[in-house]
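Next up: some structures, all given as structure tokens.
Both complexes below contain subunit A, partnered by subunit B and then by subunit C.
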Partner chain A sequence: MVSTKMDKSPADLLASPGLASLLKSLKLKTKQQELLIRVSILCLVYVLAFITRLFSVLRYESMIHEFDPYFNYRVTQYLTQKGFYEFWNWFDSESWYPLGRIIGGTLYPGLMVTAALIYWILRFLRFAVHIREVCVLTAPFFASNTTLVAYFFGKELWDSGAGLVAAALIAICPGYISRSVAGSYDNEGVAIFALLLTFYLFVKAVNTGSLAWALASAFGYFYMVSAWGGYVFIINLIPLYVLVLLITGRYSMRLYVAYNSMYVLGMLLAMQIRFVGFQHVQSGEHMAAMGVFFLMQVFYFLDWVKYLLNDPKKFHTFLRITVTSAVGLGVIALGVGTASGYISPWTGRFYSLLDPTYAKDHIPIIASVSEHQPTAWSSFMFDFHILLLLFPAGLYFCFKRLSDATIFIVMYGLTSMYFAGVMVRLILVATPAVCLISAIAVSATIKNLTQLVRAKGKPNPVGPGKGTSGTKASSKGSPDQSMPFQRNGAIALLLGVFYLLTRYAVHCTWVTSEAYSSPSIVLAARGAHGNRVIFDDYREAYFWLRQNTPPDAKVMSWWDYGYQITAMGNRTVIVDNNTWNNTHIATVGRAMSSYEDEAYEIMRSLDVDYVLVVFGGVTGYSSDDINKFLWMVRIGGGVFPVIKEPDYLVNGEYRVDKGAAPKMLNCLMYKLSYYRFGELTTEYGKPPGYDRARGVEIGNKDIKLEHLEEAFTTSNWIIRIYKVKPPNNRW
Partner chain B sequence: MAAIILSLLVLSLSLFTVISSSSLPGLQILQAERQIDLTSHIVRVYLTLKVENIEDDPASTVLLAFPPAQFDRLALVKAAVTVGKKRKKSYVPLEVNPTEQPSSPNGTKYYAISLLKPLLKGETTTLEILYILTHSLEPFPVEISQSDSQLVYYHDSAIILSPYHIKQQATLVKTPSNKVESFTQVEPTHRSGNELRYGPFEDEHPYSYFPIIIHFENNNPFAVVEELEREIEVSHWGSVQVTEHYKLAHAGAKHKGVFSRVEYQSRPAASGVSSFKHLLAELPPRVHSVYYRDDIGNISSSRLRTSSKKSELLIEPRYPLFGGWKATFVIGYGVPLQDFLFESAAGARYLNYSFGCPLADTVVDKLTIKVVLPEGSQNPSVEVPFAIEQSLETKYSYLDVIGRTVVVLEKKNVVPEHNVPFQVHYKFNPIFMLAEPLMLAAAFFLFFITCVAYLHIDLSLRK
Partner chain C sequence: MGRSATTKDAQALFHSLRTAYAATPNNLKIIDLYIVFAVVTAVIQVVYMAIVGSFPFNSFLSGVLSCVGTAVLAVSLRIQVNKENKEFKDLPPERAFADFVLCNLVLHLVIMNFLG
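Now for the complex of A and B:
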């Protein structure tokens, strides 16, 4: 394609002395027109993907959202200030007091390094940007890049039309936007780009058998490993795909080259990430890839033997022996490895993916996170909208035109849809597959329909096709004369498709602006006069901590707020969102659910200076600590059997009013949340001490604190900070 | 307690008078009147002196004496002379400079006021003097709880410290309210309402001193900006961008113990009376794109009112400031270039902007002003009506190659009275304005050229 243009254009430019010929030379050929349209659509989609994610910046401000992104932001700041080596060797004493955390060895550095690189490049080009702006816009920028990858992937799978539709669909798909709005500075933001890029490069490598593409996909895989723990999905899906190809008899040299070079180089590169390291060859989650790697060698060997033997009967015997011994060897190796502890078993997170009920029974800390809950049908509809209907249609088209590439996308789609059903947050992983498969459906349908419309209009189907017409079209060309309303039907169907796509665009924009663009740090509500009321209590409290407490103060709070306290409050925390030490979290849960004097002992042993609780009783903010309290009890009780969940329940019911369990009414969390709340009238016509988040009058209004004192409460009471008093003098 | 203090004071007074034999002859003060305004945390002292030359030599300067402790807290000394008779009375400002004297008892420090014309023998003149003291109200008790109100000490002398003989003098002290816990009694002392009068005293010798302590209630916001950095960036494309970094603190009595939101909300009159919730910043008129934020993001509680004369920005820190609490924040805004940049001679321009802190009633401990001149400006020079420290820096901003010249001005102890215009003169060739757009255009041109080139070159190995 490049060379054909090379023939034309210089000649055109040279032979244009007259105005007429100049105009003629400006007139584009059909192919050039198509290219121009394609490039401009892609550019528009690129820009669209970026700007649709800016709602949050316009509604609120350029800020980091949620919880985890604050850690990433803090680490990025550290990286840009102190350089890469300091970052890599950073021992963070501000979290997990008194244990600390080795940052370089316990995170996926891809996101931070990416943002820092963008920052350094911009700085080098003398753009005086702040690192915060870079972090806020990293996710939209990568979302834009993902649309480009989606285009090329779609082109590889089907044709360029499907690629364009895929790019457009993924640009605004809520399932992806939920994790990539401006300010959502999280690993997923770049990881989805890396995931799709790796898959695309791998499929390209399988299609071409080219070593270059395979190596490129290894590097894509390396980037993915550096960015997100979800790389495990790639390293299991690709072997599975290869296995399916092997079973269906689609083994080829292309596949051999692609998989082996990708696996070997990808493995070596992935082991450079400290957090992964030798896990990549030792842990159970990675064994499938290794097994398939060896299987590939066996296949190759068999191929060679088959070529040498030339006798089907002998070969069959040989095949049986080899396969049996190979599989047997593999099983023995796996068994010995597992038994000797050389191969580590699957982690709880992996189990909970395969068995959705596992976490609920065994790992309450995973089950307590709302984004780890099984997905409801409504959220599928919310995140995918019409794609949910187009997805099966796309699968139909894929099966109809089965190739190595379409088999891949079908497998990717089906597995990721399963995982999306297990955990809400994994809808994100399914989104690119759903978009691509739906794009195939849309593109194929529209193409068929337009052909029908055009063919009827022009009896001669050889006329110059424009835009979507391809070679396949003319072969199917001549319409069936027996269907008189075919053309009208096609037009009606086309209109229907456009209507659906329009509804999709409207839905996506609405979801983005209403549901996914709230930073969750700043809460907004409608006032009595329709005006916007802002509750900025989180930052009020964190900034108070930052300015008015000793720099070495230790703050105890539930782990949800750990990252935010260290990033915004700049104070040491006991536990944070990197939930690596269950016992430590259970200790905090135990302190929160004990009586004050017992809790005081625990807090003294942890050197706690301040306790922070989140309380929504005044504003009606429902995701506060009282509503999370049962999880604290469960997690605390999981390690310390002193804490028993039934003590906090009355007939299996969780209450905070007069009928609540006595232990509930006197535990630390209750006391800290409701201290002096009984004096406050929150709502007109209700008694004082009326909890608006739970809609009840609280049961214990006369709360006395012995070992703690109120240090700060924010203006809407959402955050309450208490100071732990030093022990009384004994004499 | 009070009696002991009093006796100590009398003792020190007697010591003082013994030592202070070396006076400066030449002038005497016929009448002195002093008004000490203690209503805010900035102490303003208005002094009216009627000076007479009693010797043959004409006197061209009048000395003001300060005890060393007070001298360190002086933010500003201003003097003016009254010219004309009653109806056409007007004030002419005089030059005031700190000086050293060879024999200064007890480390007394001096300011010299230069008179308009030398005072001949027997002539008199009346001087109006204003000096401002910061950090001079000492909270006692040092720590208070939320329900207490704030009490402070003020130390001074009942008799004006002066190197000259003062024939007649009186001192009037104004406190913010009637609530005065105690004050040093010196005959004659008279107290009515929120005013306290010492004097009149007759024929006091040079360097007479009588220490007094006033202990009174002052619940005014003790807003102190510990550090303020103002960056004024001039762009010849039509705007002056100002960014101000504040480190604000409540310098009053430290908050002790509990902060109870219930009490703060339900009993605003009795709880946290010495704390403050908001501050008023006065910005230039026609201000635009104002923002108010801190390290962790925008602070939503601010209001801007604009009129043709001035703009007022009411800012509320994230939390109310109690004694000892701190808050840092940034205020930024843009103002139109033509309001502040003027042309003087050919090619020379000057920026005329106001010095000092735009927040009302605050003290700035350390003020740094950075004037960022456009890239390519030369020969910067500064005109400020008081002593400051100056230096030059280079800053790189958007698309800068050689960097922008930054004029750095530093001053300690700044009060609202320092809000006077200052000028920065520099030379600038307008051709430099085109440098950045041309650079951008060139970059895009190169990009497209490479694109075209790439499309027309076949890089593949195979033919």
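Now for the complex of A and C:
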């Protein structure tokens, strides 16, 4: 499509005299030189995307980070040990005691199946890898694959230069790195690859109108549905895009072929995942796709009849009769469906995207997750850097050259930026769009500038048919004295662009190294002499549990730690991160916020043997249970009105020192966190019992436990485990 | 008076539609017949479900969606094979038919898995 001359300009600039003579010495033609440069750039970007995510593996060790990945790891282990059939039908009795959890039917299997496949392939090739290494490195591997897809998508949207820039930008963009470092074995690592792949295949299908590409995009959609709950974004964005094309009059036969095949095949494939089930025909979130499907049938049928009739008057009569009946039927069906409750309304998770204040008032569990908070400008700048400025520039270029593909990327960019503003973790979904649009801006700008640099002063202005950017140079070509300044200006601007890109690369690497490479389960700090101190308390506690408790012991803790306890401690837990049963979590919250006697009754009813508490007072670790305590109170109080939040506050303030509320000073969580802490001196010059995380001296130092006894406290007091004593013998 | 005008309009409409449709080539008419067959089968299944109840919902869905799916794919084939569509004039009809067969194969394999 674009002439080879234009394709060559960014590549040409890289070809210094030495490289050019080297290439010439290999006797390569221009097209082959360009291919060689492109392939080598892509290879370098592929390797770069992989190695930039390896900071934590190099600094600590190859381990799984955070909380959710531990569940995925445990499931993958089960899959590789027991096989696919056992995995698909797995009922787990080790979590959510005494309810258990149907794991086979309540997860998105894409990530685990992918890792298991890679593991089996490597084993087949006689590489004796451990499943943990495969799990740790799955996300960087798929990040590298995402850069390749970004290259092809950029090529489809604009040209291969934009594709190369897009691949390079997305390889190091912090918004994507945050959820795909080595060790972050979570759904998003694979899902962003699937998302971009589906979008690329769909745009390709719309551009070519071929059934084969539509089938491929249906498979891409199936992979996305199997990998992440965020597939709802795809199934709403694509119908919205089709609607926009229909309204702006850009519809064509290719659109019909692409959308309908993808919708029907994609929907059928998606319903094979048990967790998704029949939602594609029953849930309100998927109704937009179905509505657009029916709309398209009606639209194209009318178009065909109009073409057949060739007579406007007769067509208007036909239109009158059929459209009124069709629209009437549709509205009635939708109304009956929604009113009778058959079509379920939007679930809380997605409804809170449309109405950000909904979760805070109605569903405290969703509101309490830190990743679901609205995004601050600093987060945007932190995760995107110069891409935030290049995004509007890219939008301008897209609007200048509107085609089906650029309309799609503009819609993807705008909708994903809106959602990224509502919820921090959705910056991840916006990242590919921002990288692609910024790549268009960068590529188009560099192309224009290099055209100016390379244009030789021609006495007569060249005809307008030479090329789009060529005219920009030649129109100013006639007066000779403006040429040198223009050339110098272009060179200066080019240097400015390269400086910006260099700063971007430096920023991304710094962000990756400082902010996103922490495993969360191993904490590091600077000691008094500047040496690095590692706190490995979490794993110490879980392995103590594994080796020193009976195999059928039940552990009660706040839901954050459930997955880690089952995966590393191999013990049954009461609640875990799946948070599917709010009442069960509220029961645990109530136990933690009650006095010891009431809590003991609740613990006896749940058969609890050990209680695990996270405490940051000695180390200054601020994500401990005392800081999360108010959420326990809110969630518990949401189900059991006997727990009232104002009981734990003093004048609306949350305190743990002498002026704290009496209920706060005597509740179970307080007692378990600060048991024997009153005797400990944590900081030089401060009284014993000084809590370094809250910065106060605690109020109740003389704590006596009646129904629990201390079983284990880790070396830095971060995790404390208590054993529940059996009831006293009665007289 | 308005009513007879409407019926006369409708009759004229039908007449012109019929004459225009008679002009389409035979291979497209065969595809149209296949589409009508698929849609009628889907309607029969929906009526049956309304009478008997939707208990194995996955079976009902797979039956209806296989009809709808083949109809949609046949329409796509008709679009690609129709000589009057300028966008597809470079596409050889054998390639269009091969794509059609491949998509139908995938569709029916998924249906067989979903039937339960």
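Following the convention adopted for this analysis, the second predicted complex is superposed on the first by the 663 of 731 C-alpha atoms of A that agree within 3 Å, B and C clash if a C-alpha of one lies under 4 Å from a C-alpha of the other, contacts with A are read in each partner's own complex, and residues count from 1 in each chain.
The rule is simple: a residue touches a chain if its C-beta (ideal position, glycine included) is under 8 Å from a C-beta of that chain, and two chains touch if they have at least 3 such contacts.
The model shown is predicted, which means the values in this text are computed figures rather than measured ones.
Once chain A of one complex is fitted onto chain A of the other, the partner contacts of A:552 are absent, as it touches neither subunit B nor subunit C.
Contact with subunit C, but none with subunit B, is seen for A:256 once the two complexes are overlaid on the shared chain.
Look at A:210: by the touch rule set out above, it reaches subunit C but stays clear of subunit B. Once the two complexes are overlaid on the shared chain, A:63 sits against subunit B while remaining clear of subunit C. In the superposition on chain A, A:597 makes contact with neither subunit B nor subunit C.
Of the two partner chains, neither subunit B nor subunit C is touched by A:514. Judged by the touch definition given at the top, the superposed model places A:683 against neither subunit B nor subunit C.
Contacts of A:706 after superposition: neither subunit B nor subunit C is touched.
Interface residues of subunit A facing subunit C in the complex, by the touch rule stated above, are 209-212, 214-215, 218, 252-254, 256-257, 260-261, 264-265, 267-269, 271-272, 278, 281, 305, 308-311, 314, 317-318, 321. Touching subunit A in their complex are the following residues of subunit C: 6, 9-10, 12-13, 16-17, 20-21, 57-58, 61-62, 65, 68-69, 72-73, 75-77, 79-80, 85, 87-88, 91, 96, 99-100, 102-103, 106-107, 110-111, 113-114. In the complex of the two chains, the subunit A residues touching subunit B come out as 2-3, 5-6, 9-10, 60-61, 63, 125-128, 521-522, 534, 536, 539-540, 542-544, 546-548, 568, 676, 679-680, 709-715, 717. Taken in their complex, subunit B has these residues touching subunit A: 257-262, 265-266, 293-301, 318-319, 324-328, 396-401, 455-456, 458.
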